[in-house]
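Structures given as structure tokens follow.
Look at the two complexes coming up: subunit A is in both, with subunit B in one and subunit C in the other.
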Partner chain A sequence: MQRRRGDLLDISGLKVVFDTYAGQVKALNGVELWMNHGERLGVVGETGCGKSVTALSVMRLIDEPGKIIEGNILFEGKDLTALSEGELNMIRGKDIAMIFQEPVAALNPVMKVGAQIVENIEWQRKSAAQERGSPLQTVQIMRDMLKFVGLDWQRTENLYPHELSGGMAQRVMIAMALSSKPKLLIADEPTSALDVTIQAQILNLLNSLVKETRTAVLLITHAMGVAAQFCDFIAVMYAGNVVEYGSLHAIFDNPLHPYTKGLLKAVPKIGRTDELQSIPGIVPDLIDPPSGCRFHPRCPHRGPACDKAQPRFEPVGGESEADRHHVACFLYQKDH
Partner chain B sequence: MQAATEREGREILIQAKHLKKLFAVKKNFYSRPLYVKAVDDCNFSIRKNTVFGIVGESGSGKTTLGRVILRLIEATNGTVVFDDTDLMSLSSQELRLFRRRMQIISQDPYNSLHPRKVVKKLIGEGLQLHFQLSSQEINERVKHILTLVGLREEHMYRYPHEFSGGQRQRIAIARALVLKPEFIVLDEPTSALDVSVQAVILKMLKELKRDFALTYMLITHDLAVIDYMADDVAVMYLGQIVEMGSKDDIFLRTAHPYARLLIDSVPPPTPSEHWSGKVLSGEIPSPIHVPSGCRFHPRCPQAKDICAKEEPILSELQPGHFVKCHFPLGS
Partner chain C sequence: MELGSFIIKRLSLMVLVIFGVLIIVFIVTRIIPADPVGAILGGNAPPEAVDAMRHQLGLDKPIFAQLVDYLGGIFRGNLGNSLVSSRPVITDILEYLPATIELAISSIIFAVVLGVTLGLLSAVFRNRFIDHFSRVFSILGISLPGFWLGLIMILIFYYKLGWLPSGGQYDMFVFPTRTTGLVLLDAMINGEWNVFFNGIKHLILPTFILGYSSTASIARIMRASMLDVLHQNYIRTARAKGLPKKVVILRHALKNALIPVITIVGLEFGGLLSGAVLTETIFSWPGLGRYIVNSLLTLDYPAISGGTIFIALMYSVVNLAVDILYAAVDPRMRA
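This part shows the complex of A and B:
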């Protein structure tokens, strides 16, 4: 038994597959991730790299035809992959809450916003076997939560989701998610559907709320700017693997994996004068992924070993422990 | 000053004057129509062989403006002069001849290509319409253009669903380019793509512009893309241009408070750079009931009494740098 690396969440060797008519999609291929209480971890990568599947696996929301075939997800020491649905429901929405990319689609369209939040609070109470508070008390909590996320409860509680703008709907989602005082908030592309000005509002709001409540956040995003400004740690995913993991500083100032380097050079930035660099080739088909390191067909530093075996996910020597810098690449393996 | 002389040095390809587009909306059959002011009195000119960037939040009227310029939507008012010809006065037949010279590439490469036509047909259709070429010549030209955009000959007989998002956007570019246009409207050309693919497409668009002496109007909400691509920039808010000038005017000598806040709200993709995190409060108002006076005043951090009463005019601060504000920054 390996020692626990993060006291809140520790994912090790996670493999998820989806069976389709075209073949088995090997969506996650041994994901390694961990985080402590109160930390903010950003998972970045391109479409189809498995960011969202990782998030859904933590919630155990992978449904047929997908299944977790290997690996552990330790949440405060409990292995989520081994729990029953009943036990999971004690955790889902309570200790682990989630917000999504399309907030309007994630809300119930035929229920008023206030009632949805109240329903959630009552459900949390029931599942925690607490005694039911009086309805007035519950309504008061709902109103406090709406105020907490910067909405005017008198105006908002009686609205239906279609009457909300994208920014307001995301605030409602955050209110609902935080109403149960979760230990971990999973945010799957929370600002990708919003304008930059609204994105800045939501990021600022999330920032102050999670600081205040000391909630850990697992932020899934493809926007490097959002990750750079919001997170403490970054995990870079490619084709179902975490290829590099470490502190914000380690990833952005000292990227090691060729994919991370390429990704950072491809991001346009205001005031950037050099030409953009692109990564040649395209994202592989995960039904028939490349052998060995899944990045090798596109890698500029490909060596003879790269298509034979998968590189180990190993700590980078010579750096401080606090950076947690890990990389899965043969270039940095000592015995190679 | 040098920039100003250089600016005048290039010929103007497109000049838009007092462009206006209102969309009528009715609450029910009997009610009087209300008007969405999607584009409201926009004036600008695009110089030959440059990239004119248009940036703004969703609902600011950028896409409508791009379509009105091409007469894909009829303007309510105003004129567009394309190389000495007034597009608005052309009959539909005359306009068709012009279509070859101006093309559009739209945001979503998944919806902008006909799903039941093969690539050769998609690209060759325009050639047949405009040049009446023989099928052999069409074949040759399609082959040639495919290699230019980084696709191969064998892709000619495939359907759009067989391609990835980046490849489809290449097909859309090839389709526009094969007619040898002078002007292309790029409506969010890379918003649906991943960053590494975006980098490839943007670089390619830049090279094609150089090789074919193209002029682009680039519509996007991504300020970093504007900074990478554009020579001149117009910032739109609620259907109006609030600031316009060279790229440096907009990014380094920002004068409109809205443009400033828009730039500040982009999180820089490097952690070492401190993000001021200054936040623009509120949301873009309804384009039906626009605020009085300056349309930005309810959200503006430095609004004064006059801003609610009187609409500022788009005035020239420096040669070529226009701003629509009573109290422009830095003056």
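This part shows the complex of A and C:
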């Protein structure tokens, strides 16, 4: 086994494909990512770049026709890709919890929200082979969790999901996810479907809660701004690869990969005078992805090697170790 | 809305529906070009006798006056007398109705249990053996005519194997005590277990024949609905909680998948109540379907109207029950 880079999560060489009628979609092409306990890692990229697939892979919730064909996902040293469904169910919801993009649709429409939280608490106790708390205790935890996320439990616990607003539903999801005190919370575009004002509220809430509980967060988002506001580390994904990874400071102050640079130029800022730029071209078809570096057809710095081989994902020299700055681009490889 | 006021609203709608059915049935039976007096007295009766009979039956009055008489009777619980047997229609109907209800209930239970199970398994084990089996079973159920299948079953299970009786509600030498008219229920109430098991044996074939096509429809709808539900986001949430597959399916998916099935069950049950005519005929089942067919053949106006009203009434009651069940299962419907 290779050396562990992050003591909580270490994804290496992860490849996921989906077999469809049109052909095999090579959704993840060797993803590299790692994080320590209590850290907040943002995964950013355009729609279809594999952010959500990465998140679902960690939960091992990739369904047919998708499958993990290569790579490891080490969670506290345990390889999640090698576990059985039964073993995974001991980790899902308990050590790793997840919240989703559309919170109302993510809640069961025919179950009261209180009951859905209680179910989680009960199940996690049961799977941990703890003695079952009395039902009253469980209900008390549920109410505390609702209070914890800023909801009035008396008003909320007996509501059905369709009676909640998007923001309330996401709060319920957060309460449910954190009720089992997970070590890692995966948040897959948790604010994308919400109003802008609610987005800020939810992010602030999440921010304070994970600080308080010291939960690590893997935040999936397409919005650079959201990632910048929330995360300690950023991984930039493009067409199934992490192309650049490093601390917030490294990515924003010293972006190296041409794609990262392009993304940052496309973010509007107050007081910015230069023109907002977009990256030319479109996201490639992953059934028949470009050869070599998958970004090369859109890259302004394309060189002769770029369509021949995939650039290695390597540390950037001359920076602090703590920045973990890594990039996958031939521009920065010494032997090119 | 409160469930109570919802039910009251639906009940008042039901009264309107029944009233409409009543008027339509009354008018249709009166305008068909056939003469019940001729059917009763025969073609060679002297004109005086025909006129006397016509007057006696009230058929010489204008159609509107006949309708008013008829409606007046209904409000007093009187559906008129049979033109053939002269017995009150209501008495006849109440005698035949329990057999139909018994058969319809046993068929719908059979169809729901088997249909939901098959549909659920087909969706969960998609494209595996059980799915293919269920598909073939369903296509046969929908395409094979019940009367033909019924005769084949009688041929096999009665004539060849001798395992099951060929028809009727119970054997000739079984004498059930009549309390409610539902043979199985009466047998249980009165502790007549020989009657109970005899009745069960007689129910098996008609239940299968009547319930088969409903089973098939329910299985198909259940499969489609379950497949749809299994792809919903909340199922992913349930799995992300680490719940085992069985719990995800039975606690989270099943109830959601049943919502569209409830509609079908309501419609099918109504169909079973009213559409049992062929099955009742094949299995000599003394039910309302056969009563109405016989009444049609003898142009027994009050019997036809009365029977039809009862079927409409049952249909409405079942659909009301379905709507209430809907609201109970799906909180979004209570809005």
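Basically, the second predicted complex is superposed on the first by the 335 of 336 C-alpha atoms of A that agree within 3 Å, B and C clash if a C-alpha of one lies under 4 Å from a C-alpha of the other, contacts with A are read in each partner's own complex, and residues count from 1 in each chain.
Note that contacts are C-beta pairs under 8 Å (C-beta built on N, C-alpha and C of every residue); 3 or more make two chains touch, one makes a residue touch a chain.
All of these numbers come straight from a predicted model, not from anything done at the bench.
Once the two complexes are laid over each other on the shared chain, residue contacts for A:Asn89 go to subunit C alone; subunit B is not touched.
Of the two partner chains, subunit B is the only one touched by A:Ser165; subunit C is not. Looking at the shared chain after the overlay, A:Leu61 reaches subunit C, while subunit B stays out of its contact range. Using the contact criterion defined above for the overlaid structures, shared-chain residue A:Ala115 touches neither subunit B nor subunit C, since it reaches no partner. Once chain A of one complex is fitted onto chain A of the other, the partner contacts of A:Leu331 are absent, as it touches neither subunit B nor subunit C.
When the shared chain is aligned, subunit B comes close enough to touch A:Ala266, but subunit C does not. When the two structures are aligned on the shared chain, A:Val196 is found in touch with subunit B, with no touch to subunit C.
Counting residues of subunit A touched by each partner, subunit B versus subunit C, the larger count belongs to B. Across the superposed pair, subunit B and subunit C touch subunit A at no common residue.
Subunit A makes touch with subunit C in their complex at residues 59, 61, 85-86, 88-94, 97-98, 100, 102, 105-111, 119-120, 123-124, 127, 160, 162, 173, 176.
Interface of subunit C with subunit A (complex): residues 232-234, 236-245, 247, 251-252, 255-256, 259, 329-332, 335. Contacts from subunit A toward subunit B in the complex involve residues 46-47, 165, 167, 195-201, 203-204, 207, 222-226, 228-230, 248-249, 252-253, 262-272, 275-279, 282-283. Partner subunit A is touched in their complex by these residues of subunit B: 57-58, 164, 166, 194-200, 202-203, 221-225, 227-228, 251, 261-272, 275, 277-281, 283-284.
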